[in-house]
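Each chain gets a letter, A, B, C and D, in the order it is written, and its residues are counted from 1.
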Amino acid sequence: MTDYILRIDCPDEKGLVHKITGVLFFNNLNVERTDEFVERENSHFFMRVAFSGDCDPDKIEDGLRGILPDSAKISLTAKQIKDVVVLVTKEHHCLGELLIRNEYKDLNFNILAVIGNHETLKPLTEKFNIPFHFLPASGTDDDARKAHEEEVKKVLIEYDYDYIVLAKFMRVLTPEFTATYRHQLINIHHSFLPAFIGANPYRQAYERGVKIIGATAHFVTDDLDEGPIIFQDVIRINHTKTAQELAAAGRDVEKIVLAKALKLVFEDRVFIAGNKTVIFE
Amino acid sequence: MTDYILRIDCPDEKGLVHKITGVLFFNNLNVERTDEFVERENSHFFMRVAFSGDCDPDKIEDGLRGILPDSAKISLTAKQIKDVVVLVTKEHHCLGELLIRNEYKDLNFNILAVIGNHETLKPLTEKFNIPFHFLPASGTDDDARKAHEEEVKKVLIEYDYDYIVLAKFMRVLTPEFTATYRHQLINIHHSFLPAFIGANPYRQAYERGVKIIGATAHFVTDDLDEGPIIFQDVIRINHTKTAQELAAAGRDVEKIVLAKALKLVFEDRVFIAGNKTVIFE
Amino acid sequence: MTDYILRIDCPDEKGLVHKITGVLFFNNLNVERTDEFVERENSHFFMRVAFSGDCDPDKIEDGLRGILPDSAKISLTAKQIKDVVVLVTKEHHCLGELLIRNEYKDLNFNILAVIGNHETLKPLTEKFNIPFHFLPASGTDDDARKAHEEEVKKVLIEYDYDYIVLAKFMRVLTPEFTATYRHQLINIHHSFLPAFIGANPYRQAYERGVKIIGATAHFVTDDLDEGPIIFQDVIRINHTKTAQELAAAGRDVEKIVLAKALKLVFEDRVFIAGNKTVIFE
Amino acid sequence: MTDYILRIDCPDEKGLVHKITGVLFFNNLNVERTDEFVERENSHFFMRVAFSGDCDPDKIEDGLRGILPDSAKISLTAKQIKDVVVLVTKEHHCLGELLIRNEYKDLNFNILAVIGNHETLKPLTEKFNIPFHFLPASGTDDDARKAHEEEVKKVLIEYDYDYIVLAKFMRVLTPEFTATYRHQLINIHHSFLPAFIGANPYRQAYERGVKIIGATAHFVTDDLDEGPIIFQDVIRINHTKTAQELAAAGRDVEKIVLAKALKLVFEDRVFIAGNKTVIFE
């Protein structure tokens, strides 16, 4: 008896829930939870079904193909633990959070490796017996960027990962890179997007005198500050905090936001819908 | 084309989602959103379906009866605006919130009448052309309580309400009264239940030196502080606040918690499951 | 025995707290609470003292002038209830909140009058026996704007107000107008500034797929979306909400954020420090 | 030029702020921030002053003794990094949080040692080169409890600590033990106190169907669930969560609440006032 997660998204039409659950019913499977949502603006259907039972996944998928629109995206998985590679620069707070959770399986993932463009976090990573790949970058111009990304790709190819987590990876990625790993790249951004896009958001927040700061975890599409938002959280601040203290307070939010977003993604709860997400919590 | 909300709860068995949505599909109805949950401890099934289309409700219910367990509770409604009677004592903040929302239809309800055991809130109620019934109570002993509740019942019987909202009604209700209006009584409690049950929770919170206070909206079962919780919210406080200031800050939370809980209930999103609620937000 | 609030801001120098409290001590006054903050970037000193006792305010101010830098701003007030004029357009939720609080003195203010550029909110205002001035605007070009603001000024001059509250007043104000009422204009902005500046922030939030929305109360300086922020709050939202539902949810935040900001201002807790605020909560 | 924190609490009387700041002024010291609060119920005065300058602490304390009531508690420290011993049982989440913060000095403390009544967390502790003392307990009766506490005391005596942090130490402490380390013991409690006091709060929360759960960091006085509260935080939950999932979600809150409480304490911002705290944030 295994637990499966079935995910379907396709153009909406009448009877989809009935037909989809019919395939499961006639295969004698036990539905534990159904979530379904139709985005009316685009008339698009999203469904997540958790079910258990003895099951031939190929047969289920064939059955579903027969009743769903041709353009339907279907995924059926029993893989509850996702494999990830983590990219970092120098800041330790998000990586530390992930390493502790990985060590104790607090989050349903395995960290296969950490890649850093600085060597700073090598000792921390290796304390937990995770391989650390130090890939220094020679600059930030286009050529240096592409050259560095080629090195990253060479390391990535060694691993059989489901997702790549940018845990305070502070280099801007090229569109080629983000396109290659489309829907696999998850970033933590140090602001409550879309406020304070760009460099040094805590300094910006300080200058603007905001009373709340936050962090945003999102899939990466074209650049580091865009892409479908998965999770956000905020904390209250006040006039006594310097920009440095805002950054320190923000780091506590960042790591928790990243961990919560990853949990949602790794539990197969998150659908990407254009530049937005549909999340069945 | 009307929008309907179908709600079903029953013991779980295989194929329920398939069969239920089949009844809708074969009646040519258009499912807009499905939420379904199985409580594993009791193996109990809860489902809410929003659908549109041209529909004979009796025929749908008959169809569902044919496929569901005998003990299934089925409700099918197109009534999106709920009718309510509000019970109050002296505090104005919750009633004020409800009267403004009623005036502008900010909440999907109609206030049919307000009943008060004090006359304090008559002028406020009548500003909005809502009838106010002043029903003074002669005491708090059992006989006085029963006598007063009989008066309340006589007024209630005049109105065709869906729910009775206790908007800071400060009298303890008898089990007979709460049993009579089972699943129709919604109360706002001035604490983050189950902390500070009983009298003067803000004084209790002050004495205990808590750093967060809250409010709880719940269905009333046996007594005012128990029953399935619908919604809760909290605010941060600090040492500078007196017990009176805590109460004032708490009132802002109370009125918003009550309004949010009512919205969930009036949109038919809340199922009562023993002493808990299942809510499809 | 009256309670006074003394507020001082001036360039920082050694001994300020000692000297200031000395003036109070030697006048036999009883300090109840002192808050003091030095903004290091500008080396600027802010202090708020709540004290009680029998006091000649002029003598205290003279004493303070003698020991403080010439550029010091000193304010000493026993006026705990502030007088305000409220400006509105069509939306009722913030005005409703303020009228109920005014009726029951839930907030330490008196609403002297309401000015509307539409007549929509006249009936609500008059239910509470507050004068409503309907001042229609003939357009949004510069001339129409100035002509309308002249009408508003003529009404304002009739009242002896401390603050002007923009409770969803949807007209952009000219720099002349905002300069005239510098530090007296408080606005509620329907977004978590600086995100979604400009028109239709809830539509913008919907398009961007954010998971949290908010509201911001601030002093108005040059335009409606800038100026020192007083208070902000947020709520979680999800993919099921339409732009209209976001706006509805946002309105609940707006009115509470406005009320909380006003409370801080009316209790003389808020200092304007350039484009930021220093708030002694 | 060192930064000092001066903390005073004593019965209130007129002129305290003036006299205290006078001592600093006449010693040519530079006050950076003053926080002061008088608890009216007990007429008790609390003050925290951050100041810089060249200073003989003994001379300052002598000066203050001369002007303050005899019962005044005075503390003057330049020690910004506090030394702590951490007590744990089996759960890793709080210890992990503290070890990472210790490694990178994210929190102004040094972990001198970890004491565990189980050996579970030895490997984690030793990854960070912190000594781990495994002190197994032979039971939970009074004798076993006292015997175990004697062992703990023997280890504690080896270290020059400022505070003892109970980071999910799951043994009930004797009154003798808590009295010995009065005002030095900080505990993280896995519920939003005073709700769900006692064993298995997440199971209790699940049974009660609450919509929000939380955690509480507090000084320990007589037993593990009482004592002055330092910090609390909460998260929303819903009906889909099992008791186990509540516990998992709660752990994320616990570790952040503990870290925030420790920051407040280690920055000398927290005064104990009977069973409450006064905190100058």
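One rule holds in what follows: a contact is a pair of C-beta atoms (placed from the backbone, for glycine too) under 8 Å apart; a residue touches a chain by one contact, two chains touch by 3 or more.
Note that this is a predicted model, so its numbers are computed, not measured.
Novice: Using the touch rule from the top, work out which pair, A-C or A-B, shares more C-beta pairs.
Specialist: Answer by contact count: A-C.
Novice: Using mean Cα positions as chain centres, tell me which chain lies farthest from chain D.
Specialist: B
Novice: Since chain B and chain C are copies that touch, just let me know if over half of their interface numbering is common to both, same, or not, different.
Specialist: The interface is built from the same residue numbers on each side, given that over half of them are used by both copies.
Novice: Indicate the whole-number Å distance between the mean C-alpha point of chain A and the mean C-alpha point of chain C.
Specialist: Here the centre of chain C sits 41 Å away from the centre of chain A.
Novice: On a C-alpha centroid basis, what's the spacing between chain A and chain B, in Å?
Specialist: Computed value for the inter-centroid distance: 37 Å.
Novice: Quick one: which residues in chain C touch 2 or more of the other chains?
Specialist: Where chain C meets two or more other chains at a single residue, that happens at 33, 37, 40, 238, 240, 281.
Novice: Indicate which of the five shapes (line, ring, star, complete, other) describes how the chains touch one another.
Specialist: Its topology is that of a complete graph.
Novice: Report the residues of chain C in contact with chain B in the complex, numbered from low to high.
Specialist: Touching chain B from chain C are residues 33, 92-93, 96-97, 100, 103-104, 106, 124, 127-128, 238, 240, 248, 251-252, 256, 259-260, 281.
Novice: For chain B, which residues count as touching chain D in their complex?
Specialist: Within the complex, chain B touches chain D at residues 37, 39-40, 192-196, 207-212, 214, 228-234, 238-240, 242, 273, 275-279, 281.
Novice: Considering the complex alone, what residue numbers of chain B touch chain A?
Specialist: The touching residues are 14-19, 21-22, 24-25, 28-38, 40, 236.
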